[in-house]
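Next come two complexes built around chain A: one with chain B, the other with chain C.
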Partner chain A sequence: MKKVLYIELENCIGCRSCLAGCTQCGGHEQRNRNYVIDVNPFVDRQTMPMMCLHCENPPCARSCPVQAIQVHETGAVLSAMTEKCLGCQNCTIACPYGIPKFDVEQNLMYKCDLCIDRTKDGIPPMCASVCPTNTLQWVTEEELAVKKSQFRLSNGMMASMEDPYLENKTNVHVSLPGILEGKEKLF
Partner chain B sequence: MQEVKALKEISNVNHPNEELIKTHCSYCGMQCGMNLRVNTKTNKIIGVEPRYEWPVTEGKMCPKGVTAYQQTNHKDRLLKPLIRDDASKKGTKEGFREASWDEALDLIVKNFKALQGKHGDDTLSVYSGVSMTNEKCYLTGKFARVALKTKYIDYNGRFCMASAAGGSLRSLGVDRGSSLPWTDLHQTDCLFIAGSNTAECHPTSMYRVWEVQNRGGYLIVVDPRETPIARRADLHLDLRPGTDLALANCMVHLLIKNGRVDEEFIKQHTNGFEETKELVALFTPEYTSEITGVSPEKLIRAAEIYGKAPNAIVMFARGVEQQSKGVDNVSAYINMALVSGKIGRPKSGVATFTGQGNGQGGREHGQKSDLLPGYRKITNPQHVKEVCEVWGIKPEEMPGPGVSAYELFELMDKKEIRGMYLLCSNPAVSAPNLNFVKNAMKNLDFMVCSDFYLSESAEFADVVLPTTTWAEDEGTVTNLEGRIIKINRAQKPLGECKTDWEIQIEIAKRYGKGKYFEHLKTAKDVADEFRLATKGGNADYSGATWEKIEKQNGVFWPCNEENVDGTPHMFLDKKFYHPDGKAKICALPYRPPAEEPNEQYPLRLTTGRVVYHYLSGNQTRRIPFLKDMCPEPYVEVHPELAKKYQIEHDQIIRLFTRRGEANYKVKITEAIRKDTVFVPYHFGHEQSINLLTNAALDPMSRMPEFKVCAAQIEKL
Partner chain C sequence: MNTKVNQRQPSIERAFVSRFAMHMFFTILIIFILTFVGSRMFTHMDLNLYGYMVGTLVFLIGLFYRFLSWSERPPAKLMIKKGKKLIFRKRTAKTTTNDIALQRFIWNRGLYRWFQHMMMGWGVIISCLVTFPLVFGWMYFTMDDNGFYTVVFMGLNLMKISADGFLAFLFYNSLNITAIMVITGASMAIYRRLKNMQARAEQTVVFDFMPLYMLLFISISGLLLTVSNVFFKGFIQPELSLIHQFSVIVTLIYLPFGKLAHIPMRPLGVYVKNYREYYGNQSMKKCKVCSNEFVSTEQSKDVIDVLNQNAIEFKKEEGFHLAELCLPCRRNYRISKFSGVKTHLTKAKEANQDARG
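Our next item is the complex of A and B:
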């Protein structure tokens, strides 16, 4: 059954386990490939993960002059192929989310590949495996549909981010903070 | 929430030439399940894989857990015994030389014997910890009393779980941290969590906490800071540090006033309700608001929610426990469950968040100054007799009760204690009032420290013994639920390292006490004797064999002939562990913290953890990822307070109390009270906040008041 990465920002506690987990994938040279951001550090403890959203038509790949960034059949946008990458950093500029990282010493771009060694076999990526809060979840399309219908804001908008995203549709789906707003209480 | 069933079907990645060893994390009481990746050619631990099938945490890990494996083959590991001949270098890292085990152990025995010959058996002390297996904790108690024959043994749980233990014993007659399994948490209707920074200290509980809210249930958090869990709570009671007792009394007052008490339950299963009712009458929301600083409306709303909830769980942690009235705070919060009858059934109950990996098991089996295995009392002749039969000594040979951890340092200061055997703990960072404590350690005639890194405390030792990390030995620990689980060995001990139980047996043999110890050849041998020694005690592990633990995903104590599979839910029969089978509702008059702010020291200082570090930081400060994320301590200051002192973010200021001082970088945040400052406690030497903290002890648990004292800031 196809599963997708789904992000519920409201849950994040800023533990950065996802980043620690990222280093442990086995295919990541022990380097983490995403970000966790303090949203408003002088005010509260709200944090959010900035993960690669794996665009369906990824600008990082589009901007690459040598097609070093491939899209896997699962939809995962892979890290640059080391033998092809020129180190031009087009991708780091093209990505509206600022995801691709650049290794100056190796002159090489690297980014989240959705733990392709795991996810190609149906095993959840490390970030979603270890996330202690279910901010990062590995869910089926059906579970995702339920989430989208559940999280409706008081103004009629969906808390679940629908397209258009900053670029185009993405394989990773996000619920903005506010998922509890319309929640009917048990008592 | 993702179904447990679905998660169980997840397989792990198997890399070539690797095997996965199922075990649990080395750090906190959550004891998250994990698989260690071991290279089969080199027998070295090289990584971690989630343990999806572990029912408590389902593969989840915090950043400490993910990187825990990096401890074992770390470059800082001690690989050989160290001896320091020049005592003038005590208190520094200098002057150590490598030595053989024979030389180190002979030197220890020679010095220990000389001290005891001159000053009596009780001149030696054993200071232990609970980040190690039940088997090691058990043997340490036996080692102190049978081999060294000293009454002075205590452990770092005095700085962690002692108040929770004291409160549970008084209220419920038994000290199992949680009355129900963690797998109930997300199914309850209301979580009332006091003094727990759960998101940072027990992060893998959080998906269950959020699930309560996702289901439409309520989350109430009591904390002076808006911690990440408080940020999302339905209700955040932002009380002044050290005023929990008033707040809990107010909750009981309002539950009674609102008619949210279970009269039948109170009558049948408790004592003490009438006195308590009379006492809490004073604690109106308005009166309580004056003490706590929490608005009356919030107090009323909190009691309304907890009272209405069909099922609710009251939870607490060090925030309420590390006070000079920690035991009273615990009993007062347990009162909420007892008057409303919300205990002794699934999805309702009380629980403390156990701080250390084996904080639960480690306190039950004889490392505490007044306890023997199976939670027996050393002052009870029958209990002593039962344990003596297992140990093969005469009851008159059993030393009496000793003193608590902090009091050991007081006796060192008075030269009543002249020697110390320290293991699994780092009091040079974790004890309160550190200037005094470090001086006491420096003045010891002879000190041994067993650790796998050269800790801040090892700097005071004459001999340092290289011991193993958790992944190089096997045995059981008891997690925060009261579930006995199995730690497995993933790698052979590095260098010349020995396990703590092996070291103690070696010393016992040299002490001429071999006959009590030599039959213990493996960790399993220790486990078998340990289980036998617990038989018949309250914390009865006799039925918890390693095979049963493996088969059942852990075994909840008590596990004995009556409860062969163990006891996930306590008190289902509404029988509590006091002789009359009833729980005690406690009438507890409010008293303020030992130190209240005044003109000279107008601020309240509180301390705690960050998510990236564990306890004294001796382990986590060496892990690159964790160090990068939190390299140094800081002081959290509200912007209004900062304005008053004219200090800015990242500016270094001097923070001081009556006992000590330290310089910290300011971290401006609105997520703290305006009258309170916070500093994390994981750092050593001149960065230790415990240079400043107050050693005022709880009269029952002897827990120091880490969580509140009066402080002042000076601009540099």
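Our next item is the complex of A and C:
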């Protein structure tokens, strides 16, 4: 059964478990590929996770001169292939969300690959496995549909994947904070 | 569109139906001329190696097909065009030594990986440098005086070596030495792929293991030829020779299409480094939000162009393109879209994002 990563932004408490979990994924060589951002640093402690949203038409792969960034059959946009990446860093410039990281020493780009060694076998990615507040969830498409209908507003807006919140269609689905949707969410 | 370009710019390309045809024609012409000269008007061709010659020509067809179709992609086209212009920079020699010859970036990925790759890489390259000249008659040996070989290279008598000397030993055994290098490297690579979690995560049998098996097969079958000659009086030598030849030809034909395609592709890394250094020195792009310099102005512009050619446009109502923002600002900008708070305009350094593994 196909599952997708779903992000409930307002649940984030800034514990950074997802960062620590990311380093522990088998394929990640002890380096995390996600971010936790302070939303309003000098005012409050609200944080939100930021990670690769795995675009359906990924600009990073489109801008790679050597086709080093491959899209897995599950839809995950993978890290640059080590033997192909020439280190031009086009991908880091092209990504609309500022996600790919670059290792200057190794001359190699690396990014969230949705823990492909886990997710290809239906195991949740590390970040979703360790998130204590259900900010990051690994849900089936049916569960996602339920969430969408739950959060659909009377004006027809689903605060998930449309502009201006995101730039394009993505395989990771984001649910905006309730305050923006004008609705109180109960969990 | 190509026709239009050709009409505007009269060039040799117009004489051919496609760029592919043009490249193939000139490559074969050059090989023909080199062989004519090198083998002293085809008088020193080794017909035992005829199969390799046909294999090489088929390999060239695949190589040009693969690389010309690849070079038409917008980002590749741009990088090749700009890299070509910068190839005569002083730094080219240094970059080539560090990145291609010494493969320092692999050193930084670990000593084990560097050693295995140096063994395989240089084993394969030296083998090619020995084999191709022999196949096309660019290099051969003659014996005028008893006990002394004359090495003939491109039709010129290069040197005279004692048939029992050290240099001669290296000449006779060069392919044995490279075979041992490749076997060492490929075995280490297979072992790493079986054990290392990072490698295991993304590898596939067909893409990652098959090229290693092919290299092993070539090296072992080649080495067996020597073993058969030296220890077993040439036992099943003709059969082994055919098996070896077959494995080399199949690998050559496969080369441009699988993992081994990085061999001819990697030298472009020199273009890329020149491109980044040259345009970085020219002028750096300041982030439209925080004014930090993060990439060369040229590259930012080029990426925007490439994305446009792919019908991707990230021009925002604030008046900037997302490729004009540094990475932290781009992340903060996204958070501002999610939360409604102008995170990217807050002058705060991004918190440490690197967890310790």
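FYI, the second predicted complex is superposed on the first by the 163 of 187 C-alpha atoms of A that agree within 3 Å, B and C clash if a C-alpha of one lies under 4 Å from a C-alpha of the other, contacts with A are read in each partner's own complex, and residues count from 1 in each chain.
One rule holds in what follows: a contact is a pair of C-beta atoms (placed from the backbone, for glycine too) under 8 Å apart; a residue touches a chain by one contact, two chains touch by 3 or more.
Fair warning: this is a prediction, and the values are worked out from it, not measured in the lab.
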item	value
Which of chain B and chain C A:16 touches, first, second, both or neither	both
Which superposed partner A:144 touches (first chain B, second chain C, both, neither)	neither
Partner chain(s) touched by A:35 [first = chain B, second = chain C, both, neither]	second
Which superposed partner A:117 touches (first chain B, second chain C, both, neither)	both
Which of chain B and chain C A:96 touches, first, second, both or neither	second
First, second, both or neither for A:26, with chain B first and chain C second	both
Which superposed partner A:167 touches (first chain B, second chain C, both, neither)	second
Dominant toucher of chain A (residue count), chain B or chain C	C
First, second, both or neither for A:71, with chain B first and chain C second	neither
Chain C-contacting residues of chain A that also contact chain B	16, 19-20, 23-24, 26, 41-42, 46, 117, 179-180
Footprint of chain C on chain A - complex, ascending	9, 16, 19-20, 22-32, 35-42, 46, 48, 50, 57, 59, 62-67, 78-79, 82-84, 86-90, 92-99, 105-108, 113, 116-117, 164-168, 174, 176-177, 179-180
Footprint of chain A on chain C - complex, ascending	70, 73, 75-76, 78-80, 99, 105, 108-109, 197-198, 200-202, 259, 262, 265-266, 268-269, 272-273, 275-276, 295, 299-300, 302-303, 306-307, 310, 312, 314, 322-323, 325-332, 334-335, 337-341, 343, 346, 348, 350-351, 353-357
Residues of chain B touching chain A in the complex	1-2, 10-13, 15, 47-50, 52, 59-63, 65-67, 189, 199-200, 203-207, 210-211, 213-218, 226-229, 231-232, 308-310, 611-612, 625, 629, 639, 649, 668-671
Parts of chain A lying in touch with chain B, wherever the complex brings them together	10-11, 13-17, 19-21, 23-24, 26, 41-47, 117-118, 121, 123-124, 126, 129-134, 137, 139, 143, 179-180, 183-187
